[in-house]
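The structure that follows is given in the form of structure tokens.
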Amino acid sequence: MHTKTITQLSAALRSGEVSSVELTSLFLDRIKRHNPALNCFITVTEAEALKAAAAADRRLKAGDVAPLTGVPIAHKDIFCTQGVKTTCASKMLDNFIAPYESTCTAKFAEAGAVMLGKTNMDEFAMGSSNETSYYGAVKNPWDLARVPGGSSGGSVSAVAARLAPAATGTDTGGSIRQPAALCGLTGLKPTYGRVSRFGMIAFASSLDQAGPITYSAEDAALLMNVMAGFDEHDSTSVEREVPDYTAGLDNGIEGLRIGLPKEYFDEGLDDSVARVIDAAVKQYEALGAVVREISLPNTGLAVPTYYVVAPAECSSNLSRFDGVRFGYRCDDPQDLFDLYTRSRGEGFGAEVKRRIMIGAYVLSAGYYDAYYLQAQKIRRLISDDFRAAFESVDVIMGPTSPSTAFRLGEKSDDPVTMYLSDIYTIAVNMAGLPAASIPAGFVDGLPVGLQLIGNYFEESHLLNVAHKYQQATDWHLQMPKEF
Amino acid sequence: MEWEIVIGLEIHTQLATNSKIFSGASTAYGAAPNTQACAVDLGLPGVLPVLNREAVRMAAKFGLAVGARVSPRSVFARKNYFYPDLPKGYQISQFELPVVEGGQLEIQVEGEAARMIGITRAHLEEDAGKSLHEDFHGSTGVDLNRAGTPLLEIVSEPEMRSAKEAVAYMKKIHSLVQYLEICDGNMQEGSFRCDANVSIRPKGQEALGTRSELKNLNSFRFVERAINFEVERQIDVIEGGGEVVQETRLYDSDKDETRSMRSKEEAFDYRYFPDPDLLPLELDEAYIEAVRKTLPELPDEKKARFISELGLAEYEAGVLTASRELADYFEVAARVAGDDAKRTANWVMGDLLGALNKEGKEITESPVTAEMLGAMLQRINDNTISGKIAKQVFDCMWNGEGDADAVIEQKGLKQVTDSGAIEKIIDEIMANNPQQLEQYRAGKDKLFGFFVGQVMQATQGKANPAQVNALLKQKLA
Amino acid sequence: MSVDQSDITKVALLARLKIDEADVPQYVENLSNILGLVEQMGEVDTDNVVPMAHPLDAAQRLRADEVTETDQRDAFQGLAPQVESGLYLVPKVIE
């Protein structure tokens, strides 16, 4: 049962083949068994989960059923959950229990989904390997010596190891897509503004977006039906009708115009990964798509620009963690200054501190124009590249990550090398576009992700394009053997 | 050396909204600490700001009232600094693109010609909380109820040349925001606060001198005193061979002096940047026109109308339009009174303001309402009482003895208009004062007043003076 | 662009982060490398480019001026390290 997709689980729950309590218990048992090796959960909410499952079973019996009713799910520990610890994987929030619920998790609860627990992540979502977590690194189920990617590393590790049938993630520079790629899953970062950010602890407000992490595009569509939508509590949430994301999954893709940005296939890309991507593109051609090379000339600027914009926003967003109203406070502060600097110095990990300092630096007097303002202008250029591209293609495809999962510790001493591993995902956040990563094959037993980038609010189309591929291939159904 | 004083004011007006600028928490004053600080006001993780429609409307209204440009597009920015009363570690304000740009205001210092003062800009921002420094075992307590209250910061050009002008400008803004009903103007509660940038330069010099920023000027009196102190201090510094340092100085009203605020561990570097949680505020032409239609008659317009339509003198019109409440009081009283606005003006400015002053009351607290005063004045107009008796009636009304008609009735103050009765009294007086009568008839005209006085005394002031005059003229001739 | 120890000290102060003396060289190296990466931006001609603060070209939505929040002080202050008489406490602030 634990290997089934959400589509299948939903059917089994409705038919009475399995109850939500049984299903929830099954996954809770799997978590107990495998979490010690993977470290993908920070908090497991066993009692609450069983209670929610029982309530879902009553709904199922009463026929008051939404597609996710009774389906277990894991949430990234960046979403505030009322009464359940929300840490953002930081010592700063080790004791933080929000008295409010994020819009995103509230919507899942309303739909009857059962929260299994809160997943590990890079501290404050800053990282590409899940090694910056205060609660320790997460392991990749395909190879425990390797990273699962980040920052949504706990979510992907949990889903890949079948400790949860689906999970939520957030993506600021690739934090859903890159780990999904490295763990062989389907991950979707929706258009900026499509999913409410209320109650989701901010890293970089103009880039952050929540999305689903699932086995299949079909499952992702089911999750999107719950997550997407306008929220009056988020000024950046878009007032726009939410389509049924499952409706167009089976549409034909004959004549689909696929653009391959030449900049995504340059020397930075591992040859072995490139071969997998080429094969996937061939598969699309076989399905009737038309492929052409395009250019996104400012691709190389995406990482540098991102490392101005994101740290600038994070340096300000993280100022509220000051040891006064909530969160970590240092022992015996001598004075106010000491309270601030030690609470923050001790409460934040090294990567978070690095980014806060970079952010404060690029915004400071004398540097603003050269760094922050220039980054905003280049952001426009990057965005314009995509606009131009979408005039002649329907979907842009390429690798999600330049390589497969790297070894734990391999890049953790060198931030810049680590940052460059997000080279193909970051530009999408800068532009605010939707993009997905889907499993497209393996290199030496490690999954490779194919990235699909769509035009604004074309999540349905992206999922349709992904689904057609998954109908023709079974990469997304492969599982790591030990789990 | 002759020095010229240069003053610019930054006035913070709390906008009179029900809820905060970015959250649904109440802005009511005086609640128990932190009971009106919601998750957004507290800057808890993950919560987000949404802008209050009414705060925007109020800002636009102000802009239109001072002839400023209401920006079709303005942007909220974060001003980053750490302080316990600033929960997020940044204040949401407007920096490069404020909602209101330009504008001007006419001020007048008594005995001087009126001057226009330029308004640089006005921008929307959130207020901070309050730090309470009384001792909590060596700690400071923080109350965040005020955090997130909408503020309109109104920045003037450095165009005021004396403390008196600064006060005149501040009073004008204070009156205006109340006319516009965008701020309650309560300075005790901190709804209307002012910082002053003060510098001096040799008369005739173009370049501005180094300024100091005076904080904590929470009354008109303090503004005047703090500026005067600061100007003297700067003159002393320069004439003593020193240099004025650009700094923030706190006005201490107990000692009547300004003093340098403890220099921070660092120079301020606010690292302003556009707030990514908020989108640009866009106000189209139709919106701005709709707001314009809601503008009330403004003080200067009202003053002009009082002069041209009601025949008041410039000075009277100025006094009566200084606050919207007073102007409203006057207009209601004049309407109820009937034809004579001038008499109403005299009564309001004389007896009423005098009585209010004596008891330290605001016009809104007057025991004699505008309707009551008007009704009394009507009784003068219709000859029920004389102006002199009216003073007695007014005092009774002030003391809560009822409205004019009740007082007149109760005290029997109604004028005697029965000519037979008056004639009878006159006859008696003529009979009792033959000497005066003879002198009068011999040409000593000023004795006429003596007879009037006698009649009034005999009637306890209740005889109709005009009637008395006419009858006396007739009888004495 | 490389930064030196004094830059690190200055920016750590601005951001209210206590950095161990021993860690400063590491931060100097890391931040210099990151700023080196960022440096490429300077080569781009952006004279006529409008800065993009936000991915979506949209305007701010306005909220009705209604009080929707109720007093939750107890719940919120349950999160706080130190409170007294409804106030958050911090070490004495000298003005």
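Quick notes on this one:
For clarity, chains are labelled A, B and C in written order, and residue numbers in each chain start from 1.
Everything that follows uses one rule, which is that contacts are C-beta pairs under 8 Å (C-beta built on N, C-alpha and C of every residue); 3 or more make two chains touch, one makes a residue touch a chain.
Keep in mind the model is a prediction, meaning the values are calculated, not measured.
Closest chain to the protein centre (all Cα atoms averaged), using per-chain Cα means: C. More C-beta pairs touch across one of B-C and A-C than the other; that pair is A-C. If each chain is reduced to the centroid of its CA atoms, chain A and chain B end up 57 Å from each other. Note on chain placement: the centre of chain B and the centre of chain C lie 41 Å apart, centres being C-alpha means.
Centres computed as Cα averages put chain A at a distance of 23 Å from chain C.
For chain B, the set of residues that touch two or more other chains comprises 39, 42, 44, 50-51, 82, 84, 140, 142, 265, 269, 271, 276, 278-279. Shared contact sites, meaning residues of chain A that touch two or more other chains, fall at 96, 99, 206, 232, 235-236, 315, 319, 322, 324-326, 336-337, 340, 360, 364.
Among all residues of chain C, those that touch two or more other chains are 13-14, 16, 53-54, 56, 58, 60-61, 63, 72, 76, 79, 82, 88, 90-93. Across the complex, chain C meets chain A through its residues 3, 7-8, 11-19, 23, 27, 30-31, 33-42, 44, 46, 49-56, 58, 60-61, 63, 72, 75-76, 78-82, 88, 90-93.
Interface residues of chain B facing chain C in the complex, by the touch rule stated above, are 17-19, 23-26, 32-39, 42, 44, 50-56, 75-76, 82, 84, 131-133, 135-136, 138-144, 250, 261-262, 265-266, 269, 271, 274, 276, 278-282.
Interface residues of chain B, counted against chain A in their complex, comprise 39, 42-51, 78, 80, 82, 84, 87-90, 140, 142, 265, 269, 271-273, 276-279.
Within the complex formed with chain C, the chain A residues making contact are 96-97, 99, 192-193, 206-207, 232, 235-236, 238-239, 298, 300-301, 303-305, 307-308, 315, 319, 322-327, 329, 333-342, 344-346, 348, 350, 353-354, 356-362, 364, 370-371, 373-381, 383, 414-416, 419-420, 429-432.
Within the complex formed with chain B, the chain C residues making contact are 10, 13-14, 16, 53-54, 56, 58-69, 71-73, 76-77, 79, 82, 84-95.
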